[in-house]
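Down below is the structure, laid out as structure tokens.
A, B, C and D are the chain letters, set down in written order, and residue numbers restart from 1 in every chain.
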Amino acid sequence: MNQLAHISPIYTALLTVAAPLVAFLYQALVGKRDQSGIISLLGIVCSFIFAALTWLTIWNHPVVSAQLTWFTIGASTFKVGILLNNLSVLMLLLVPTVALPVHIYSRAYMKGDPGVHRYWMYLSLFCFAMLGLVIMDSLLLMYIFWELVGFASYLLIGFWFTRETAVQANKKAFLVNRIGDLGFLIGLAIIFTQFKTLNLVDLFGEAGLIYQSAVTNGQWVSPVNSMDQIWLTIAGLAFFLAAMAKSAQFPLHVWLPDAMEGPTSVSSLIHAATMVAAGVFLLATVFPLFNESTLLFIATIGTITAASAAYFALGQYDIKRILAFSTISQLGFMMVGIGIGTWDAALFHLVTHAFFKCLLFLSAGAIIHEMTHFKVHSQLDFDPQDLRNMGGLRKYMPKTFMLMSIASLALAGFPLTSGYLSKDSIVISAYEWAQSKGDFYLLIPIILVIVSILTAFYIGRLIFKAFFGDFRIMDQVRDKLLDAPLHEASKTMLIPMFLLGLCCLFPVFSLNPFSYHDSWLMDGLLLDEYTFAPSHNAHVIIPLLLLIGSAVSWIIGWKWYVQQKYPLNANSLSLKAAFNQAYINELYQWIFVDGALKLARFCYWFDRYVVDSLVAFIQFIVLSLSRLSVWMDKHIVDGFVNAVASVTYWTGNQVRLVQNGKLQTALYSVFLFVLLGLIYLIFF
Amino acid sequence: MPILSLLIFLPLLATAFILALPTRYKSSYKYIALAFTVVQFVLAGICYAHFDASQPGVQDLGGYQFVEQLPWIRLDLGSIGKLEIDYLVGIDGISMPLLLLSAFVMLMAIGASWNIQKSPKGYFALLMVLNMAVMGIFCALDFFLFYLFYEVMLLPLYFLIGIWGGARREYAAIKFFLYTLFGSVFMLLIIVGLYFSVINPLTGAHTFNMIYMMNPQNYLGDSIFGWDGYQEILGISARLVGFVVLFFAFAIKVPIVPLHTWLPDAHVEAPTPVSIILAGILLKIGGYGIIRICYSIFPDMAALSNWWLGLIGVISIIYGALNALAQKDLKRMIAYSSVSHMGFVLLGIASLTAEGISGAMFQMISHGFLSAALFFLVGVVYDRVHDRNIYSFRGLAQLMPKYTGYVAVAFFASLGLPGFSAFIGEAFVIIGSFNAASVGTGLPRWMAIAGSIGILLSAAYFLWTLQRMFFGQIRLKGGESWANELNDINSREQLILFPTLALALLLGVMPSLIFNNLNASVLNLVSFIQQFI
Amino acid sequence: MITLTHFLVVSACIFCIGLYTVLSKKNAIMILVGIELMINASILNFVAFGKYDKVSYGGQIFALFAIVLAAAAVAVGLALVLNVYRHYKTINPDQINELKDK
Amino acid sequence: MEIILFYAFAVLAIGSALLLVNLKNIARALFLFFIVLFAMAGLYLFALADFVAITQIMVYVGGVLILMLFAFMLSNKELLKDLQDSSGSFLSMPKWQAIVLTLGFLTLMILGINEWQQSIPTWILQARQNNTEIIPTDNNIQQIGLRFMTFYVLPFEIISVFLMMALIGASHLSRKERNR
């Protein structure tokens, strides 16, 4: 172990990244179906080991970075390199830690799928991209991996490509992410223009270029360039746009619920734990760039996202969609954490959320897996993901129930769980921040508290509907199927879930279950100073408030869902709006998709009928001109020649008539010329 | 060894061989063509390997490499002066990568024409003539020579489209021919104007030498394109007129938006190999011409008018992308995507920054590989069922998994997925044009931002096509018979596609392969133009 | 008072009629008649002007000469006509066109 | 009185001539020609040329016209038929070219006469001034005889010889050729 620890962290980090890449390439080039899974699993195990080694060497140690020249364009050289600081090694460790259980779980979950080798290939590609994203030391490289992550996500969402909804969803996911990528690219362009480098160490390291630049006289001045200060805000917003798309922030959150079309294991890894968190990671990385207005904007968007997603989650029946909205909502919390300046809290929440949300998804996957089996077995046609078809599963799947409950408690921020620590850290910080700012800003922590209670309620609803009460579908087929068709998920699935369940508990992060300040993670990321004064009262009141609120919401949920005293009209406008996500998708379809298509068709119409007919018109003119010239040639130029000829001929012919040997004609001409001569003599 | 002359005239030898062989050996024509093209590719590779990346080139003849100069036409014209036309070829960092690209795309085109049945003799002979002209264009440093190759190129293309093309081939061929000829005829006027304006400082004779044309000192003071005199044509500065006319001549080739309508027709009607050449090489001649000729000979006007160039670029990007989105014909969609992608080239060139121009060059190279691959992929499905309509296919991924894999890779590479070459090109065009405002070239930043919308739209049309044609349940217009026809790609096709896409990947991962050779020239060009801003 | 002009006008008319006859008639005899009319018109002029030449009487004398010559011309002409008629069996000058190249 | 007679003769001459021209029947035309010649002779009288008028009547009417009639009768059998049945159109259609030319000449002559009045030759004016015009009481025949024998003796002789030649020629031409 000691010897291993002496290996340079650079190499271990590289190996961490390389292992899944090798797995990917191997499967892409020579992959055979029967080996599928093993290679990827092996890759991620290696990755995990190396990541752990790296983490051990780097965490709370000086920053390490290494670079190689990549290419030179013009006078500027771009380097490829890795940057290992607490933030990046934390993420570096997190990814394989979450990915490893998911890989193990997938072995069972994806068993028997005809395209399973593709699944493993894509999954390895994703792990590679995600690991690459976190350790890269240049914004350009980050961007590259950022897009690769989106690409892998595209492949995995559309894994079942024969499903129309799946390919619609992956297209949507990629396109919405592309919008964010544009933001990233513009951000890159601004940074490069301003600082002539994209290296994170140069930019954001100690005494980096960012800190040397300042806004003076309306100009954003850096050591190498200066531009209008608006560009500072735009740069911040551009990076935030990137994060918005990737982390599914309102109004770009629409892709994430649809992305649930992918396999559940994928949703757990990519669309809950890691990739969607990349936005938060990015914002944490470029945090020094943000100015006041950008931060406020981020906090506001985060709040809106948290609230709207929680609201949408209330109206969903699809178990994965509820979790998806829950993810969006929690990402909103993280954004608020960034927006108020406590990105360490945001990162903390990111990490804890990764574990419990991953577990939630895996549990949901286990349920869906069993429900699908049941569906095949009973030959009934129902949606295995629909909560309304479930109920009473506690009896059949007690371990899953237990693990999911832990995760749900963590999500709800119940004490003794990791979620309690991280969520409180955000809410309390938000409160403290608002207090230092003024009255109006208090709206944000208040909303966050309400959203937290709502979170408790909707996750309670999920648990109650799925695990308590009666198994509704079962009643229909009870007489046909005497043997118990539902059972606990296989061990291959349960073990990784169990591991993740452990990570949802407080001791993993902090020895003191009630103070997030004591967590090692916050210590490691500790910011030098918060911009606001801590408030000790908040540390007591807010957790208490949340706890009581959650408890009350659960009691209500119990009454409504378990005891069947549902007071609300399921068809009420607000519930319908929640179910349909306030019709945002339809709005987007209407405005952007249809709009773009209409514009495209118009352009094509314009191209075909205006631009091309302009050409045709010119052609017509040229043709007409040529016809005219042909006509002229025939009738005027040629006609002139012909006319000369025919005049000569005619004259000759006429004169010839004179010489017809007739006396009188001769006489006539004699007299004619006499007359003409006389006329000439007299008048001229 | 006169390597460039060999490179240029080897195909002519192939043409002679092909023409000399009697028709009963017609199956050997493609092997002859292939053999010569392989040799050519190797020669181009030697050029690449022996290229000294530190030599700047552009307006400095000393910086060109593999230079060959032979007096070609010397005529004493009495009072008009002495006519001086040289056979002058040479390459610098700007032409060398394009030369390599051309050799490669030619190889691809030969591979794609393996199954040509209709009079292979004429076909391969014309293809080789085209090959020669293209090589000549990228090497020529004498404007007269350049123009000669430029015109020679049109002829085989006209016949290749007009004889071996699709249903509306005559229309497309004539449209293509007229468009290009329209541009080049006016170019000839400017060439003559330049000839009378420039003198060879060594002999004092008028000259067609492009390098001399790039030096303001070689211009006669009172000549039409002279630098000190304010000559005017129709009230507009003569140099501006010259620049604009040359620009449009090349912009038709690029193509820019109002002058692009030949491209969809020509691409759609042309046989697959010709589409590959059109997209892979022909469009690059436009971009190359703008850099080599418009920018280097009229640097002052380039600095003056880059705002308009940038605007045209941005319009091309977005307009082309929107048009591609509306297409139902796969080949037409790719043709319009070419318009969009070549818009980036123009935007990058207009930025007048090292990043922008390098990005534009890189985009040209990358587009050369990728569009060639895309057209080849369209050809694959068209060969099998003779239909290209997007809506005629559905769920191809199940029938042709390997093909779908290649298509997906090519599509993603084209839409600028990092790791592939197009990304580097587009990203640096955007970065460069964004940077332009800071170096004061007058290109506003919103153009860069507007250009980036093209990246989004390109993702939209490529993914939509992928969804419509390849994913979902199998549903084919031709039913069962099509399903039997649509075999997965064979090894010949893989042999062509794999290296192409691998190259796109290689360049995406190691852009230095291109940039290293490009940098000196681009920096020299930028500083040359910067004097006039 | 009969002035010189009266004679001149009458003589012009007669001359023109004679001319017309010569040009338009399809009969050799009528052509001779036309010639006679023209000659008569000139004779009228002679005598009209001769009025002012009392010394030499040129007008009247030449009028007499003209009459005599006209008579001789008619004699010869008619002889020719008769000969032509004998030869061609017609005296329509349009049909006497052996000189014309066919 | 005098002028009325002049006009009467003039109208008679011109009118007969016009009618002559337009007749199809040659026999009638020849008789009209006879009238024209008489009218012309009358006009000579008004120009105080009595001897010329007599000669006109004697030579033309007595000689030329008879000759013409004979020639006509000798030559034109068909036309003799025409003479007998003159049921056809009385007037022959004029030829337009001939009319144009003729009218052109007439116009020109009238114009010339008009012009001439502005500049009458000096010898006429002198004669008028000196009153040396021929007057009706002069003995024209005597004067003409004197002039013939003195001043114009050479032309007189030449014309005699010429007349002789014409007569011989005419008789030679009109004799029957034996060899035909």
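Note that a residue touches a chain if its C-beta (ideal position, glycine included) is under 8 Å from a C-beta of that chain, and two chains touch if they have at least 3 such contacts.
Owing to the predicted nature of the structure, the values given are computational and were not obtained by experimental measurement.
Participant: Specify the chain with the shortest distance from its C-alpha centroid to the centroid of every protein C-alpha atom present.
Facilitator: Taking the mean of C-alpha atoms per chain, the most central one is B.
Participant: So using the touch definition from the top, which pair is joined by more C-beta contacts, C-D or A-B?
Facilitator: C-D
Participant: What whole-Å value do you get for the distance between chain C and chain D if each is reduced to the mean of its CA atoms?
Facilitator: From the centre of chain C to the centre of chain D is 7 Å.
Participant: Report the inter-centroid distance (CA atoms only) between chain A and chain B in whole Å.
Facilitator: Going by mean C-alpha positions, chain A sits 35 Å from chain B.
Participant: Using mean CA coordinates as chain centres, what's the chain B-chain C distance in Å?
Facilitator: 98
Participant: From the C-alpha centre of chain A to that of chain D, how far is it in Å?
Facilitator: Here chain A and chain D have centroids separated by 128 Å.
Participant: Considering chain C alone, which of its residues make contact with at least two other chains?
Facilitator: 19, 23-24
Participant: Residues of chain D that touch two or more other chains: which are they?
Facilitator: 97-98, 101, 105
Participant: Using the contact rule from the top, write out all pairs of chains that touch.
Facilitator: Pairs flagged as touching, ordered by label: A-B, A-C, A-D, C-D.
Participant: Would you pull the chain D residues touching chain C in the complex into a rising list?
Facilitator: It is residues 2-3, 6, 10, 13-14, 17-18, 20-21, 26, 29-30, 33, 36-37, 40, 43-44, 46-49, 51-52, 55-56, 59-60, 63-64, 67-68, 70-72, 74-76, 79, 94-95, 97-99, 101-103, 105-106, 109-110, 113, 116-117, 123-124, 127-128, 132-134, 138, 140, 143-144, 147-148, 151-152, 155, 159, 162-163, 166-167, 169-174, 180 of chain D that touch chain C.
Participant: Where on chain C does chain D make contact in their complex?
Facilitator: 1-2, 4-10, 12-21, 23-25, 27-30, 32-34, 36-37, 40, 43-44, 47-57, 59-61, 63-65, 67-76, 78-83, 85-86, 91
Participant: In the complex of these two chains, what residues of chain A are touching chain B?
Facilitator: Interface residues on chain A, with respect to chain B: 70-76, 140, 143-148, 151, 154, 158, 161-164, 166-168, 171, 174-175, 178-179, 181-182, 185-186, 188-190, 192-194, 225, 227, 231, 596-597, 599-601, 603-604, 607, 611-612, 614-615.
Participant: For chain A, which residues are in contact with chain D within the complex?
Facilitator: 668, 671-672, 675, 678-679, 682
Participant: Which part of chain D faces chain A closely enough to touch in the complex?
Facilitator: Chain D residues touching chain A: 97-98, 101, 104-105, 108, 111-112, 115.
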